[in-house]
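Paired with chain B in one complex and with chain C in the other, chain A is shared by the two complexes that follow.
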Partner chain A sequence: MKIPVSVESVAMETNDIKRFRIKHRFNEPLPEIHPGAHILTYLPSNEGVIIRPYSLTNRTTDGRYEIAIKLVQKSRGGSFRWHHSVTVGTELEISFPKNILKPELLGRHHVFYAAGIGITPFLTMLHWCKETGRSFELHYGASIKEECLFYGYLKESFKSETRFYFSRERRKERIDYYCSLQRHPIGTHVYICGPPSFIENIINAAKNLGYPRERIHFEAFRSNQIKTKTSPFKVKIEKKCVPVKEDQVLLDVLNENGLSIPYSCRVGQCGTCEITVKKGDVLHQDSFLTEKEKLSFMLPCVSRGKGLIEIDHNSLNLI
Partner chain B sequence: MYSFPFPFEEGQSHYFYKNNAVQMKNRTTVQITPNYLKEMKLKRDTIIKNPERCFVALDHTYEAQWEATLYIAKELALRYPDTFTMTSRKYGFTLNNHLLKEEVRFDYKVNKEPLNDIGKHVQEDLILMFQREGQLFLDAGQLCFPSNWSLAFNKGMAFMDIHRPVPGFQEGQLDRRIERFLLHLCPGDPFERSNWSLMAGETLNTHLETFPEWGKKRYSVTEDTVGNYVHVRVEVQKLHRLPKTYTILFTIHTHLLSLKELSKDLNKANQLYTILLSLPKPIEEYKGITPYKSHVMNYLEGVL
Partner chain C sequence: MSWHIVRGKQKYIILYEDYVDITKLVRELCFHRSLLSLINVGEPDQLASILNKELMGTYIYLSLKVKKTREVLSLLYDLGFSPLDLQVVKEESERAIFCAHCHTVFITDDHPHAVCEKCNITLSVTNHWSTFHHAFLGSFEFEGDSL
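Showing the complex of A and B:
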């Protein structure tokens, strides 16, 4: 279900990050949100609707949502549009708030590791921890203070829980994950958001230190989702053969062709759009399926085929 | 207009397990049927007699109970404006139930079991599933009309363990796949499914705890009584992810229809007959149909 909204205000947060406040077009309060939630934005453009996920950095008491968007260099789609053609009053649609990170209700201690724009999903989680008296800490890496999103706010609201690391300030610092992870008590839940290498390094460190998989939560860095080089391929469903152009997403092509595959995150992380592959080679790009599952399933929101792939139509309405 | 939710898909001619949950078009959690008053009385009587059987809640469920309570109350007021009105208050809201002629206050400071309180105004059983460390747990619920299971026993139990008694449910990792499906359920995108069985008698409050009382009815079905006495029991189950606490609200509405009534539609009688023929023995036993199945088959053959 989509919610009709319009942009209520736009603010320049740093050099390349804008913050947008969004309200319901009929002024109803937008749904309450779970800490860590994101929305999908459906922005109309000449080239069709641009669908992008963005973390909610805040839900105001009067039921508005806020998102922060970094202008990605070389961006042709999402962030470029948002920065250059969205102004106060722009109308668009959004999804209901969804969540991948999900704070652990009974976690003993919560530790957040953020790099750059990766801070965005954590703002509502930090707020939740504070408000409900939970034990938490934030480790936040950025290049310099001026580029550090929400620096002032974090310093003011979570002073004793936050540690900043600036890699290009006079005193150069980076997060020492090993050292940091080692200090947390048993029962700690770790949440990671940033570029892929950042996530990978911390996950590996945590695994090596014996953190159970269920206590490591992460969310892929959103602006990196658009792979630069993709190739066209074909997909066969029942007896029909449909081409997928290099700039098309398989999930969208399938749904435009009369299927109604449910989806959620569109970044290959939640598994909702999982389909069964009968034949052909798949270029998996998700971070959800296990190696074994990749032999028979794929997530069409991010993964693509090579040449021709065939989809098991019968499996579609099963899950 | 009320109609009995016939549980089989068009053309379905044999019994098999799958995740039969489908996206819900009207996005509702509850339904008011002509049996409302009768069932509310039974529900409340059952709660008064055996409260520990009908409601459980772990401590951390309080916020989610409130979210579910508001979610349901808002829906009642919106969909049944002649029957329910809801007025916001400083610390909660007031619900006017015009069918029961009641005015009930829901107050954050007073109601410690809001789910149990709102449950007294709807025919559904209300279960809350909490996600912890990648699994779903039944940490709160109101259950008055169960199909032979115990809330007290299942309290705090994981989805996979809850379904352990269901024969064949682990085959092809169906249980895991269904759990994964549930883990990915999103706010604003609810699903529904139905579950069916047959039962001897017309009892809604068939708790596992009282099995000795109602279970023996399975042996008292006769050739003469089968049509009126044996009922098709259908549970319409709805799954909503609540946006604020990310709890899953699982509502179960149980409907009963006698074989005789069902058989007024020969197509339906025929489909039930066909599916019963193909019902695997372990599932037939699990559903408790075995003791009187031959009577049912003979009856349906007579009708057809």
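Showing the complex of A and C:
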């Protein structure tokens, strides 16, 4: 089920990040959300509907949603369309809100590590922590202050809980994961969002320090937007060979070719879109499949092929 | 007594009582070159103030009699520890049983059958160990063809 919406306002947050406020097309309040929720946006374009996941940065008291979108260099897909063709009044559809990340109710202390646009899923979670009197802290890295999304808001609303790190300011600072992770009291839950290497480094540091896996939460969410370099490849379905351009998502290409594969998160974290690979090298970008599963399966919402891959048409679970 | 070693922690703590022998466990943990601290459980109040300062990466073994285990566990959960951060060293001689009927946890000798001390139902003691209740599941015993 999709919700018909339109864009109510657009604001430039930083040089390359725009904030969009979305309202129900028939002025109904949009559904309530859980902290950390995201939506899928279905944006019509000349090349078909562009589907992208975006975190909700806010649900206003009158039932509007807000999302922040960074213009990815070289993008011709989602972020390019949002930045260049979406204006006030643009009509689109969205999914109901979903949660990959959500605050753990039993946590004694909550620590958020964000880099760049990775702050977006945390805004509603920070707000929830504050409102419900939880103990929390935010470590937020950006290149310079001007590029730091919601800097003013965070400074004002979560002054004592937030620490900023600017890697290209005069006083260069980066998050020292080890040092920081070593200080957290027992019962802490850690949440991470940012580029893949940022997520990986923090997860590894936490594991080395003996954090139970269940206390580490992350959103690999924007992998298809943050990873700047993607290459075109081809996919063979039965006897047909279909090209997948660098800015296309394999799941969408399969869909356009009549294979309606079910999906949910579209960020490689739920496994719903799993398909069987018969031949070829896959560039796995999900955080769901095990190493063993990666030998036979792939998640086409985020993963891509190298050169030519062949998928097993008979094993597809179509809707 | 039985336990398993959870590797890769910064610090291990053994909470013990005088009359429980922990030498074997200590010897095994010493291999891991992590910090090891032994705490003789006295009054829970003092214990709380010590454990409250523990950081992530700490892992606790509870080598206590079943009754004391239950007392200390609830204190640990209040402090923010979870079943992921601790392990109960199981004593073979006595067992905590979780009654599937009234959800009481009671202590009994190691019999295949036990009578719940609250609802008096006869339970058969299964091998299912709950890491949350720290007890074995006692399930109903049906007689004849009552099913």
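A few points about this structure:
Definition applied: the second predicted complex is superposed on the first by the 242 of 319 C-alpha atoms of A that agree within 3 Å, B and C clash if a C-alpha of one lies under 4 Å from a C-alpha of the other, contacts with A are read in each partner's own complex, and residues count from 1 in each chain.
Everything below uses one rule, namely that a residue touches a chain if its C-beta (ideal position, glycine included) is under 8 Å from a C-beta of that chain, and two chains touch if they have at least 3 such contacts.
This one's a predicted model, so the numbers in the text were calculated from it and none came from an experiment.
Of the two partner chains placed by the overlay, neither chain B nor chain C lies in contact with A:G152. When the shared chain is aligned, chain C comes close enough to touch A:H184, but chain B does not. In the superposed pair of complexes, A:G48 makes contact with neither chain B nor chain C.
Annotation for chain A, partner touching more residues between chain B and chain C: B.
Shared-chain residue A:P262: touches chain B; no touch with chain C.
When the two structures are aligned on the shared chain, A:G89 is found in touch with neither chain B nor chain C. By the document's definition of touching, of the two partners only chain C reaches A:R108; chain B does not.
In the superposed pair of complexes, A:N99 makes contact with chain B only, with no contact to chain C. In the overlay built on the shared chain, the residue A:L209 is in contact with chain C alone; chain B does not reach it. With the contact threshold set out at the top, residues 106, 212, 214-215 of chain A are in contact with chain B in one structure and with chain C in the other.
Residues 18-19, 22-23, 27, 60, 67, 130-134, 177-178, 180-181, 184, 186-189, 243-246 of chain B touch chain A in their complex.
Of all residues in chain A, those touching chain B in their complex are 1, 31-34, 37, 95-99, 102, 104-106, 212-215, 260, 262, 264, 270-272, 317-319.
Touching chain C in their complex are the following residues of chain A: 106-109, 181-188, 206-212, 214-215. For chain C in complex with chain A, the touching residues are 8-11, 51, 53-59, 79-82, 84-85.
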